[in-house]
Amino acid sequence: MTGKIFAILVAIITTISAYCVIAHVWWMPVDISVHGPKIDSQLEETVLVAGTLFIAGQLVLAAFVFLYGGSRAKPMQIPGGAKPLVLFAFLLVGAEVMALSFIGSKAWGAVYFTAPDPNSLHIDVQAGQFAYYFRYAGPDGKFGALHPELINEGTQNYFGLDPEHDPDARDDIVTAQLAIPVNKPILLTLHSKDVGHSFYVRELRVQQDFVPGLNLPIHFTATQTGRFEIVCTQLCGLGHYNMKAYLSVLSQADYDEWLKKQAAMQ
Amino acid sequence: MDQSSLAATTHHDLLTEASPYGIEKKKLGMWVFIVSDACTFGAFLFAYGYMRVGAPVWGTPFEFSSILNGLVMTAVLLSSSLTMLTAVRASQAGAKASAIKWLGITMLLGTIFAALHLREWFKLIGEGWRLFHNPTGGAAQFGATFFSVTGLHLSHVVTGVVALAFIARGYSRNRYDESHVETAGLYWHFVDLVWMFVFPLMYLMNAR
Amino acid sequence: MAAISARAAVHHLPPQGFIRKYVFSVDHKVIGIQYTTLSLVAAFVGMALSWAMRIHLAWPEARIPLLSLLSPNGMPGGVMTPEYYLSLMTMHGTIMAFFVLTAAPMAGYGNFMLPIQVGAADMAFPRLNMASFWVTFVGFVLACATFIIPDGPPLSGWTAYPPLSAVGPAAGPGQGWGQNLWGLSIALFCVASLLGALNFIVTTLELRTKGMTLSRLPISAWAWFINAWVSLLAFAVLLPTCLLLVLDRLGGTSFFIPAGLVFNDQLQAHAGGSPLLFQHLFWFFGHPEVYIIILPAFGIISHILPTFICKPLVGGWKVVTFAMIAVGTLSFVVWGHHMFVSGMSPFMAMVFSVPTLFITIPSVIAVLIWVFSLYRSNMRFQTPLLFSLGFISLFITGGIGGFFLAQPSTDSYLHATTFVVGHFHFTMGLSAIFATFAGFYYWFPKMFGRMLNEKLGKLHFWLSFVGVYSVFMTMHLTGFAGAVRRYSAFVDDFMVPLIPTNRFISVAALLLGATQFIFLFNAIWSRFKGPKAPDNPWGATTLEWATGSPPPFDNFGGRQVTVYHGPMEYDGEARVMQTSPEASVAGT
Amino acid sequence: MSSNRELTMSSYVGIGAGLMLIVGIEVILTYQHLPTRTLLFSLLCLASLEGFVAVMYLMHVKYEQPILFWTIFPATLFVLFLLCYLLPDAFRMASMRLLR
């Protein structure tokens, strides 16, 4: 009796869990990046492989408990002993994980092993407790050097720029939200002012930590206009839950308009 | 298990399975400790390597005098290993008095090593080296890594001297036997072995 | 043939006086019980913390006046501050991972059972053994002390990533002495674990009684032995990591702190360090730690199953043991999968991802062995078997999540979502806890000489099993929607729709926690009022069941034990095991 | 087994002298002003040689059961080898530093 209850319980749990995943009750949002589809298909692939193993494993467990739970017959070992099981694990699971790591490496390479497009738009991103700031190079296309000792929230010198002595810094445009033109390759360089943070945009399928002391590049191309959330996923202190900014993907015209406005506000 | 290894088993081991290592538990315990301690030192040294590779400029502060001092320290520690060996052999030959004598000499050499090492430390501190400060303007990491790695090693030396003192005392009062002396010897040789890596990596790699 | 003859020399005499007997005792059985009790207390502390967190997540405005008495700063007026939420999360992780999951199945049961299972009178180094318990105890006290010191507990997570954890009070609340105590507490725990591991290894190799060849070791003993090696090497690296972190905090060094950090417009003096170095060193320990937690569980399950399905495991002791050795070895080469998005070199991500996927093979082998051992078996549904079956189900589910997180491409979406939280709670958290429960129900009669109440035990199992799935499977699902972990409130537009789901999780978690009190009551009540336990209530075949319940001081009452066959060797076909203690020693 | 009578004391003194000699070579190498990596490599090789001799003779693993050798060396070298995995990020730290 106990065995049957356990088996049925496991079966029910398996069915519900499987349904929720297959029916996408909770699922990834729409994908707006060029590299995203590779990641999504990789995830679907994994759902297929892992899901099969999950259902198979749970159901076989349930079946055996159901069948032999009440049995008082003379126990017997499974014919063939352990060899077939070990072979199965090595061949089937081995093949699956090899396939996953092979295809997966391609999806990963599409994001990290490709050089950024030479004429991509370069934006400098700085994370600090608990806000992001974004810096556009301005007309001269050059970023001013960073002087951490000059960082001053009061005078809104978030990056520690030195406009007096540094001509490159004079026309840098610093904003609190990230706006990018659609279908244009974007190169972000991420650096942190204080502790570790992270740059996570679900729709872009991009997550990259800010490592204090390093200047980490990440590049992508957005394919849809819209307004999306950038959230911090690396524990950074009491305001962690509240650290967010917005990513606006605009048409080229809107973007130029927006950038002019921002430049005027500096 | 061949005869020789069975010979090493102690009295009540006749009632137990022979150890695959054919050495008694104290010694095996010391070996296991040495493996784990070697990994700890390894982590320290790799942290040093990481710091050094990542540093833009890395000062090389050691004048030849310091290297010479290190050379003397190496000689002292190495000979202390030999005297330790003599003590172990004497104890195994049952020559208690001479074993204790050689243990004493080993402790003396260990103390000399520690003294020379501390002199080096105070010299550096006198020059303004700190855990977080580099007077030559190079990476502050030098002080941090040098003092932490050599400090860890120095603490092992001091612990070793104290341990040897206890062993010698217990051995002279028949509370401990030659196996204790031998186990202590293993530890002492290990401290020597670590120095064989610390000296080239911390001193020679930082020589002017 | 007579298997039990008078032992030539009794190992050592029982101590006199309460202190030597029950407090500073060198008897491995007392130490084992001390460890088990410590982790039981720690488990309920950790659970209370998770309760407070879940209540806050579900009802952010909820007032809990009682807690405001405990922590006036953290819970002004009984409402939790964001920083206090993070502190609770940090200490929940620290206490559960170290003082419960690492301590109970290894140091707790291992200390009590290993010497008896190999037929020894005590551990190899009893004094060292006592030392490791009391060092662990001090570590636990330090960890708890962070709650009462003015600076408050640390909030940088159980992983304590620098610079947040390294620069000190400048980095915000919870970065004062709380973080220092955390570092010291973990350093002490490392020392204790190293001494313990050393003791386990030497005991297994040197103190096996006549006839207890390595091929006749019970699988649980194998698991503890393998695990001792893994802890020996892993904790050896965590120890310097903690020391360097404390040195950064108190010594002013910059191992983990780079140049140019600015906190409220103040430039920090540190320069030249690297946060990635800490992450590498921490996870070098951190991933083996996951297996340090789960390997004893493997052993306990493989040890308990045959008794209750009345037949040996498929392939006997060999297959599972080699699977455990493979898992233990591979566990060292996969740590980078915790760092795919952490700024680690992307090529290293590939280097770490492949072995991470391949470690599933030995794990799958172990699971297949357990599952297919049930084929044509003859189950006796006592509580230990239920928890073992529950463990298998949970471990399958948890392992499946690994496929997603082992690949950098999919991990770059799921990393730091509740999917990860669900995953590691299934694998190292609840699987290990279920195995610990199985072991508790199985060995309680031996440890205390009383039987636990079966009805309460079964009730405890059913509620826990359903509770675990409804809490952590739901976390997996919300993870697909990108719900970020370690948030004390849901202010992001895409997190708001998930609030009802989180309420459900909270309610389920509270019930799951409540059911643990059934267990607590059962344990305490049976300890004193339970029916007397026979020597071998389950009809098991290992040495611990060939002596009294509880065993005498020298484990076999001055008898010399000789072993003639392994725990899973029967003449010919599998059959119901003998229930007489002779069977375990002499065979039939 | 714990017997080190396989060697006479004089030969141990010889070993000690040999080790000291290697240290001497290290010092001489240091002042040849080799490129850092060459120096590091050669120093590590010599140090490893010293360590090996010390373990085999001073700690007389040579005269123990072979399994002792096959336990301690693989276990330790395994960990030390894996710690090399840290270095790619160290070079990354050098090349991607924020403030130059």
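The first chain written gets the first letter, and so on, giving A, B, C and D; residue counts start at 1 in each chain.
Keep in mind that, in the parts below, a residue touches a chain if its C-beta (ideal position, glycine included) is under 8 Å from a C-beta of that chain, and two chains touch if they have at least 3 such contacts.
Quick caveat, the model's predicted, so the values are computed rather than measured.
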Chain pair with the higher count of C-beta pairs in contact (A-D, C-D): C-D
For subunit B versus subunit C, what separation do you get between their C-alpha means, in angstrom? 34
How many Å are there between the centre of subunit A and the centre of subunit D, using C-alpha atoms for each centre? 43
Chain centre separation (subunit A, subunit B; CA means) in Å: 48
Can you list every residue of subunit C that touches 2 or more other chains, as numbers and ranges? 233, 236-237, 258-260, 273-274, 276-277, 281, 284
Contacts with 2+ other chains: residues of subunit D: 75, 79, 83, 86, 89-90, 92-93, 97-99
Counting only residues that touch at least two other chains, what does the list for subunit B look like? 20-21, 24, 35, 39, 43, 50, 54-55
Applying that definition of touch, give me each pair of chains that meets it. A-C, A-D, B-C, B-D, C-D
For the complex, which residues does subunit D have touching subunit C? 75, 78-79, 82-83, 85-86, 88-90, 92-93, 98-99
Contact residues on subunit D for subunit B in the complex? 1-5, 9, 12-13, 16, 19-20, 23-24, 26-27, 29-31, 36, 39-40, 43-44, 46-47, 50-51, 54-55, 58-59, 64-65, 67-68, 71-72, 75-76, 79-80, 83-84, 86-87, 89-91, 93-94, 97, 100
Sort out for me which residues of subunit B touch subunit D in the complex. 4-5, 7-8, 20-24, 27, 31, 34-35, 38-39, 42-43, 46, 49-50, 53-56, 67, 71, 74-75, 78-79, 81-82, 85-86, 88-89, 92, 179, 182, 186, 189-190, 192-193, 196-197, 199-201, 204-205, 207
Given the complex, residues on subunit A that touch subunit D span 146, 148, 191, 213-216
The answer for subunit C against subunit B in the complex is residues 7-9, 11, 119-120, 124-125, 194, 197-199, 201-202, 205-214, 232-233, 235-237, 239-241, 243-244, 247, 251-255, 269-274, 277, 281, 284, 560
